[in-house]
Amino acid sequence: MRIGVFVCHCGSNIGGTVDCAEVARIAGTFPDVVYSTDPMYTCAEPGQAAIEEAIREHSLDGVVVASCSPRMHEPTFRRTVERAGLNPYMFEMANIREHVSWIGKDIPSNTRKAAELVEMAVEKLRKDTPLTPAEFPVTRRVLVIGGGVAGIQAALDCADGGIPVVMVEREATIGGKMAKLDKTFPTVDCSACILGPKMVDVAQHPNISLYAHAEIEDVQGYVGNFTVTIRKKTTYVDWSKCTGCGTCTEKCPARHSVDAFNEGIGETSAITIAFPQAIPKKAVINRDFCRQLTKGKCGVCAKVCPTGAIRYDMEDEIVTEKVGSIIAATGYDLMDWRVYSEYGAGRYPDIITSLQYERLMNASGPTGGHIVRPSDGREPKTVVFVQCVGSRDPSVGRPYCSGFCCMYTAKQAILTKDHIPDSHSYVFYMDIRAAGKMYDEFTRRAVEEYGTEYIRGRVSQIYPDGHGQLTVMGMDTLLGRPVVLKADLVVLAVGIEAARGAKELAEKLRISYDSAGFFLESHVKLRPVETNTAGVFLAGVCQGTKDIPASVAQGSAAASKVLTLFARETLKSNPQIAKTIPGRCVGCGKCARCCPYGAIRENVANGETTVEVIETMCQGCGLCTATCPQGAIQLAHATDNQILAEVNALCQA
Amino acid sequence: MSGLTQGERRELRIVGFLCNWCSYGGADTAGVARASQPTDLRIIRVPCSGRVDPLFVVKALLNGADGVLVSGCHPRDCHYGTGNFYARRRLEVLRRFLPVLGIDPKRFSYTWVSASEGQRWQTVVTRFTEEIHELGPAPRFMDAGPLEREIEQPASSPLHSLDSASLESLAALKQAIASRLPELDLVLGWQEGRDKAHLVPLFIRTPEDLDRLAIGPLAVHNLAVYLPELKGRKVGIVVKGCDGRSVVELLQEKLISREDVEIFAVACHGTFDTGRIDQALGRYQHLESVRMDGKELRITCDGRERHFSLENDSSTKCLHCKTPLSPLSDHSFGSAPSVGEGDSTPPDLARLDAMTLDERRAFWRSQMERCIRCYACRNACPLCVCRDHCISDTREPHFTTQESTAKEKFFFQIIHSLHLAGRCTGCGECQRSCPVGIPILALREHLIRVTDELFPEYRAGMTVDAAAPLLTYSVEEPHIQEREW
Amino acid sequence: MNCYRFLAKDALSAFLAFLAERERVLVPVEKNGARSSVVFEEWHEGLPFTMLKSTVPPKAAVLPQCEVLFTCRRVPDEGDQNRHVMVLDDTLTAQPTVIVATRPCDARGFAVLDRPYLNGLYQDPYYAARRKELTVLTLTCPTGCESCFCHWVGGGPSSPEGSDVLLTEIEGGYLCQSVTEKGRSLLERSALPDGEDRLASMQEARKKAYQSLGRAPDLKTAPQRISERFSDLDFWNRWTEACISCGACTYFCPTCYCFTITDEGDPAHAEGGRRLRSWDNCMSSLFTREASGHNPRRKKAERMRNRISHKYATYPENWGVFSCSGCGRCVSNCPTGIDIRAILLSALGKEEDMISHGTQSKETGQ
């Protein structure tokens, strides 16, 4: 090789405590070094030009720069040598500033250390090979899993950006939890009114294909080239014929079906349309309650349907879509609060969840928007709200805060007063988390304008008093004494967890999740919508507790990641990735098991197994290289031999 | 800092492996803050602490490094998600392995420093350099002198009774194999070899083959070694306890598939140390008879009868055996002896425990001299599927040379032991196969002890759906304590 | 005319000291470990040694397990600083060595190695230098043992082939008989008393040794019968089933001599580079892998066929004698008990005494 070494003075940053000329002289004695010098400022324009000149004049095929940290200027100098015609990976840096000149003042020791660091860099460079990024074609379509507000925002931004979107939503309608809300804090906007137009946009956007009442069956492939299998769950209604007129739901004789959209409050017919603004507005038969499907006797909806859309023999359908990127926006579910036996474990009908209360308040809900007690249909006059039921509670395995309950409890207290002016509301709380824009002012309004009584303490027990009310026993820690209240209705702010089935989906997508099922982002501070799996992004509560504005922001953020990914026709892979040496692989599979990205694929040919690295998925960590006992898979630019070259330069006993 | 002045004292060789994303950044941050540090350390940048192969550390320590430091992102913060979880496990195992090699574990440290922790980095480097200077230059392996004192192998009593009860299962075993033979390509067992005192593997395909089946305390071979090369065939295998665990380990790693292997498990009551028997028999011309009677083996050759008993002449691995019956089987024969509590430190390992670090170095230096790199130990290991692709025999990658110095040969033993860490079931075939009797099993037994301490819920070769601890990770490690600085 | 001297048991150390005045003396030393073994080490005053047959054969004395063929350094060309030249140093130094208490099977190993290394088309200078400086003092075997079979292949417990001096144990000591000129001059130089009067004891001992051996089968047709078996892969599969492809047979064999060449170090570094020759093992799976990746002996049955054929067919075809010396180390060292005698007898159709490993399967195996 013909290596050039440049030992930078960096003014007096290095030159002040390192004899750079001496380092350059010593470097000249290293094997394959044909040119060495000590410029004053290597990264400056004249410095870089001098490197390019030296490459040409001395026919260099590799360059070592001894200067500042490579985390600072490695990309700079790689571009420099590339301009002079070298492969950018035939370049190494020795950090003699942050790691030498700035941390010690003894010139002889520093000089010796700098020379050794240069020697290590030279020895590594002698083992380096040119690397070229590979390019891959990309399917410029995106899959959005989940039709809640985050998924809707992501889909609309991608679609508006020209990317065809496939949206898959598990329920019969999109809208997620936001569609179930009555009003939203802090503006008390009607939820369906602000979400509705976006839902209609999704339905009408030419770039969005919506699969509702469908789930992800399987995901194969890698970034730019995913193949997704989707199960369209049967609705028993031919949606191409259904007009959403609702006649079937009026005539259906089975009136005791569990009302999932209304969170189990009230009953509904076996054939339903979720709610008036549902998108798609189509009927679905709940097979567990349908008399035709369970007993073979009925068929009323089929008779009354004006378009003949009912099909009792319909089955699930599997479809396949090819996409280049996936956004997971699967939201949340309330945890099963019935573990709190002290609150009745679900036995008492007048202890309900916050989401059930939303449905009671909502005009499209089971009571037409009238807040009534589920037990006897009477209006409650005293409503007690209990916060942190299943949040911040390690005893039920939920140590985290659910993030929005303080805010919606204040909202629900306010709305209760609007609905029932002579009502009185109490809120048992631990802390009030109202950090967003206008949030604290909103919670103050609940207290000051609406007379909600806030009691700082937890509730130890709720039970019926035998006279139609509920006894709520709690603690007022600010006054330092127990409190006993009589409530007509108790609303629990139940903690949230990742949506049912999140873990199984995560495994299909090859992303990680935490103990509550929330999907793991790449970096909690700096990369909140990316995952460690290339091409899979996150948006909304599925990534962690957050409110609607943050979910919308993440929807847009995820969309921007997708648009960046698809900005070019092809994807370039980072060439500092792992590669197998075919003759050495014995197919033991240890590397594939350890890869954090699932980027290693086993191939069987002629009865023999070997592995292959999926270039677009490998992120270059090198865990496979450290795991392989034969050294048959090597991380480019940090191979065993390259690292050993540095070790050997230092340890020669 | 403690008043170390750079120029006045001789530097020692300290090598650092720093992950690019956190620790190298932390070192940069320390530099930006002008946080002064001693100059001994030389930093090698790696993408992730998970990239650090423990063998890099060993290579450095065996070739002149006085100290080695590895630093990565704090667990949970790994730029690549899980790399440092693996690093934490592998490097902790390495740290606890070093003492049995005669290397002071204080010469190796691993820690976590984030990109913002410049001050912490300064503390780490300064403290570690001080510690290495307190220890002084590392003694070189090839300078180790002869072992000065004789250290007795301590007496050890077995955890379960050792006798020849396993022989009683032969008839039932033969019957079971006979009934399954039509559906299997072959069944692996043992038979008499060149004479009755030496059994060898038997590949049963016909009833005539089956007639020759022999079991018992002389059936020492671990037949699981043949399974990976028979992948795709339907193979039956007769196993004792330790070799049954090898089969489970192979299944765990998917090197063989469950549908293709049928396990005939015989409850083992101990095997003989055939090397010691051969040594006692010496050169003989005619073997007259071999009789096993309770705990005693009587061998008559050249007219002289010699007695061996499982109490005195069993393989040392049988003394601390806790699994006399394979944990997985399709057919089971005999009743396993009950296993007692007692101390189960293998005698060879106990002897090493009683030595100082210098003595251990001297011990291994002299033991490894007579190795001639025949690799019988490697090829007899059922879990070593690399065989001739081994990194000790290649320049891709170039960890060792072909030179036959004690150091190169010792390095191979370290490579093999570390590659087996967490997977080795202690079957002892490596040691049994060594024609010059180097007691290499002690190295693996020590690693079994280390992985038992660190991962008590795991034992190699017990359940098929477990995962070997160094091939997986966990976010919390109750048995690995981060060191304080 | 042979020269006979008597070496009394209690004069043994003094004799070794005499040898050590001029040369390095290698003696068998017993080593403790998981089992005891016997290796050759350099003798010095006070070193406990044994006269037992060594576990490791002494071929390392002429063909070290790893030796440096030459060193090389890349230095700038004096005429043109931009060019480099490679400076090679292949100085041979062979230390004069006496090896004491080898066995006739080991010494026959030297003779077997001599033919290709010295008498072939090219003489190997490294081997030649060491061989020239080597004196072999062989202890004849008092009996055979269950794993050795020297007399099958043309050797014997008292065979002089490859030795310079034969020592035979008799009452009170060893009768030393010179075999070569080198041996004779060594004995004459020593102060040992004459041994002619004890010749009868020596012959008696040797006769007893020979009689203790079993009957040797007639291996005259072995080369032909083995060659005929070349394409009978079923045969080779059956005999190789138990093999784990290690090197316990080849590395411990006194007559195996394959090697590989590797380069270590770096000529550009101050210490320079070195070309090494080290033992190689034809039973390991990558032994014949070529640079293209093709491997003509991927299957272990093919490798076993090669090893047996070399010892019993090809070497005899080239040199007229079997290269196996019947020492039996491959038999006693093999971790899975493969017995080369069984394979040989089976090839010859003489399976009477030997256990087989199981009849062949219908389809060809590994």
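Lettered A, B and C in written order, each chain numbered from 1.
By definition in this document, a residue touches a chain if its C-beta (ideal position, glycine included) is under 8 Å from a C-beta of that chain, and two chains touch if they have at least 3 such contacts.
Source: prediction; values computed, not measured.
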item: Relative to chain B, chain with the most remote C-alpha centre; value: A
item: Chain nearest the overall Cα centroid; value: B
item: Centroid distance [mean C-alpha coordinates] between chain C and chain B, Å; value: 32
item: Geometric centre distance via CA averages, chain B-chain A, whole Å; value: 41
item: Cα-centroid distance, chain A relative to chain C, in whole angstrom; value: 68
item: Of all residues in chain B, the ones touching two or more other chains; value: 387, 389, 395
item: Per-residue overlap in chain A, given as positions that touch at least 2 other chains; value: 652
item: Contact set on chain C toward chain A in their complex; value: 74, 82, 266, 268-269, 271, 289, 293
item: Residues of chain C defined as touching chain B within the complex; value: 31-37, 39, 53, 55-56, 64-66, 143-147, 212-214, 241-242, 244-248, 250-252, 260, 262, 264, 276, 278-279, 281, 284-287, 329, 331-333, 335-339, 341-342, 354-355, 357-361, 366
item: Contacting residues of chain B [partner chain C, same complex]; value: 185-186, 191-195, 198-206, 208-209, 212, 221, 225-226, 229, 273, 275-276, 278-279, 283-287, 301, 348, 367, 370, 372-376, 378-380, 387-389, 393, 395, 401-404, 429, 431-441
item: Chain B residues touching chain A - in the complex, by the definition given at the top; value: 5-7, 11, 13, 15, 20, 24-25, 27-28, 30-32, 34-39, 42-48, 50-53, 56, 59-60, 62-65, 79-83, 86, 90, 122, 140, 232, 253-255, 385-387, 389-391, 394-399, 419, 467, 471-472
item: Of all residues in chain A, those that touch chain B in their complex; value: 69-72, 95, 97-100, 102-106, 108-110, 112-113, 116-117, 120, 512, 520, 523, 532, 576, 581, 584, 586, 588-590, 593-594, 596-597, 607, 619-623, 625-627, 629-632, 634-635, 638-641, 643-644, 646-648, 650-653
